[in-house]
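Letters A, B, C and D mark the chains in the order given here, with residues in each chain numbered from 1 onward.
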Amino acid sequence: MGTNTLLDADRSAVVVIDLQGKLLEMAWRYEMVLAATRRLMKIAGLFARPVILTEQYPKGLGPTHADVRAVYDEIETPKRFVEKVSFGCGGDDGFNRALDEVLPDVAVEDRQIVVAGIEAHVCVMQTVLELLRAGSEVHLCWECVSGRGEEYRRHALDRMQQAGAVITNHESVAFEWARSKDHEAFGAVNRLLREGQIEG
Amino acid sequence: MGTNTLLDADRSAVVVIDLQGKLLEMAWRYEMVLAATRRLMKIAGLFARPVILTEQYPKGLGPTHADVRAVYDEIETPKRFVEKVSFGCGGDDGFNRALDEVLPDVAVEDRQIVVAGIEAHVCVMQTVLELLRAGSEVHLCWECVSGRGEEYRRHALDRMQQAGAVITNHESVAFEWARSKDHEAFGAVNRLLREGQIEG
Amino acid sequence: MGTNTLLDADRSAVVVIDLQGKLLEMAWRYEMVLAATRRLMKIAGLFARPVILTEQYPKGLGPTHADVRAVYDEIETPKRFVEKVSFGCGGDDGFNRALDEVLPDVAVEDRQIVVAGIEAHVCVMQTVLELLRAGSEVHLCWECVSGRGEEYRRHALDRMQQAGAVITNHESVAFEWARSKDHEAFGAVNRLLREGQIEG
Amino acid sequence: MGTNTLLDADRSAVVVIDLQGKLLEMAWRYEMVLAATRRLMKIAGLFARPVILTEQYPKGLGPTHADVRAVYDEIETPKRFVEKVSFGCGGDDGFNRALDEVLPDVAVEDRQIVVAGIEAHVCVMQTVLELLRAGSEVHLCWECVSGRGEEYRRHALDRMQQAGAVITNHESVAFEWARSKDHEAFGAVNRLLREGQIEG
């Protein structure tokens, strides 16, 4: 675990936390979160990186936002869907098994987990701190993470950074996975990014 | 002491510092501080976590704000009231005894102290640094901490974070104490939080 | 050197850097810097803490602002005046001798230097980093430090904090030197602070 | 590598990354970046410090902005021009050779690399993290670094700072290289800075 590392595609996975419609629409700048997370998942697809999608207590809180689910269903890459009742994903055996399955040859302390989702100060916070304590690196995409209340979100990002998370964004993720314009996936990634930069 | 830890209910206590009427009403966004601290104390009650309430020289500065005192009196949980003349609570033997009494089986270096109160750059600062130096963890609720002058408060939060305090909020405290929606206290906590998010 | 320490009066000194009229009036929020530094020096006087006043090349840049000089002349406390040509005070033998003279019984690594002055990103920066590298603690008063350009100042404060300086203010300095309302100097300090909080 | 060091002229070099016209004009506050980087290069010239100028895939993205190139051509100091396809300069052998050539007697871990360029969250990020991981110090000039999107830039600066980069500016660079008003280059530097402070 370090804060001066770049992402290596072969030890990275994406985790998308609790982007359930009811909750998501209460989050600050949720359209940005929605657009950026969709793009992040497509980028994972282009680099064939695994994606884990979680839902918190869907019976009560409803399913993942349809636009997020559509991309999840569409991308061709190792993927896992996890339903949970614990706020932090690490409190759920199914989540930990899913991580082991999608990164079978990567030791926990070598893993680089790219995180999107809500709420920054609740389920994202608990998941990120659990991952960091386990020894994995966390790269948190600021434009893919939110929650109710701008100030709650801002301080949550600071706390995760203080704990050792790297605050990044889906564009940086893409360029780090590629490293060079000559990477075979870069042409397709570049076309996607040229649709315009996602802003708040 | 770490900055990547989540709160564990069984080693946490809440400290509410000097929310005396005269001082409180001079603090930046004091209604937010008042509302959030009241809710934090109710949450402590629901999880049966101890609460210590302090007053700085009440003969001169007056008693705790009536709305804070009312919740303190109402909650059924281990609690202690401490009058002091030192600015930092740690300079007062009564405060240190109170901590030992409410967390009798938790070593100083395992304690997680959740802090609310005023003023960020004076009594809260000195208390937080004393607790950190003793080896305890401090989780400071940003929406429960203020003082005269927004800029004084902001830099004080930064300094406490730099010294190792975690900047959190009462909602994160509640979700970390619960960890899962199936925690027995979560139903009541959830009803409390649904009254609306407290903002500045 | 730590970032979780409070000031102890008996190992502290105040350094006021290059508050020369010509330069000072070009600094962002210079009236605040002027008022706060004057008060900081008076507080040093009340606690009998030493004050070192420096000037950068006064032949070219002119003397210290008259309002700062007046307080320097008036306070009864160990004091030293240093003229220099190096931007950082540590590059000047006279400055280092002055520190040794006013804190004769305090080892370099036990010293707590309270800093005011301009410009944040030039002479203050070089002085603070030299002090930190020598092993002393630096407590930088944000409202007593400025320079041309708000953004230059802001990033300079961040850099000094990253290097290990504590960002504080003259009120926190006073309450840390006193520690308790029963300190013999606190009555006079309290009267001074009641003249109103200094803001930008 | 530390974050409490000042620049020493004899172990410093300047790296100017990908200030190509097409890209540059899409960057936030690009006129500031342009003016400040030009001045930084002139300062390097006055102190006879080496400058490395890079271009990302110029066939596709076009050449360096003419105003930057003009200063590069004009200054009399060791200089190298590097074309690359990897986003991070460290992924390019030519860049690493250029650094060795312009700082032949300075061990990698003693090097202080002053960085300007775009985009903060892509090529600058990857270059800076590579330099830090190699053990060199990085001094990043905030007013010489940008990219599309203010928020992308801001978080990128934070990430580089967290990784150990020092956030500085061309004025601080000049005053640290000089250390004293009596440095032989300071007269010329001072004339340059008196043309006015560069702001956003």
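The rule is short, and it goes like this: contacts are C-beta pairs under 8 Å (C-beta built on N, C-alpha and C of every residue); 3 or more make two chains touch, one makes a residue touch a chain.
All figures in this text were calculated on a predicted structure; none of them were measured in a lab.
A.B. asks: Would you mind checking the shortest number of contact hops between chain A and chain C?
C.D. replies: Steps on the shortest route: 2.
A.B. asks: Can we say the copies chain A and chain B touch using the same residue numbers, with more than half in common, or are the two sides different?
C.D. replies: Here the answer is different, because the shared fraction of interface numbers falls below one half.
A.B. asks: For the two copies chain B and chain C, what rotation in degrees overlays their C-alpha atoms? Round to the nearest 5.
C.D. replies: 90
A.B. asks: Find the geometric centre of each of chain C and chain D from their Cα atoms only, then give the gap between the two centres in Å, rounded to an integer.
C.D. replies: 32
A.B. asks: Quick one: report the Å distance separating chain B from chain D, using the average Cα coordinate of each chain.
C.D. replies: 45
A.B. asks: Which positions in chain A touch two or more other chains at once?
C.D. replies: none
A.B. asks: Can you name the residues of chain A that touch chain B in the complex?
C.D. replies: So the residues of chain A in touch with chain B come to 56-57, 60, 85-88, 91, 121-123, 125-126, 129-130, 132-133, 148-149, 151-152, 155-156, 158-159, 162-164.
A.B. asks: Quick one: which bits of chain C touch chain B in the complex? Just the residue numbers, please.
C.D. replies: Chain C reaches chain B through residues 3-6, 142-143, 161, 166-169, 171-172, 175-176, 178-182, 197, 199-200.
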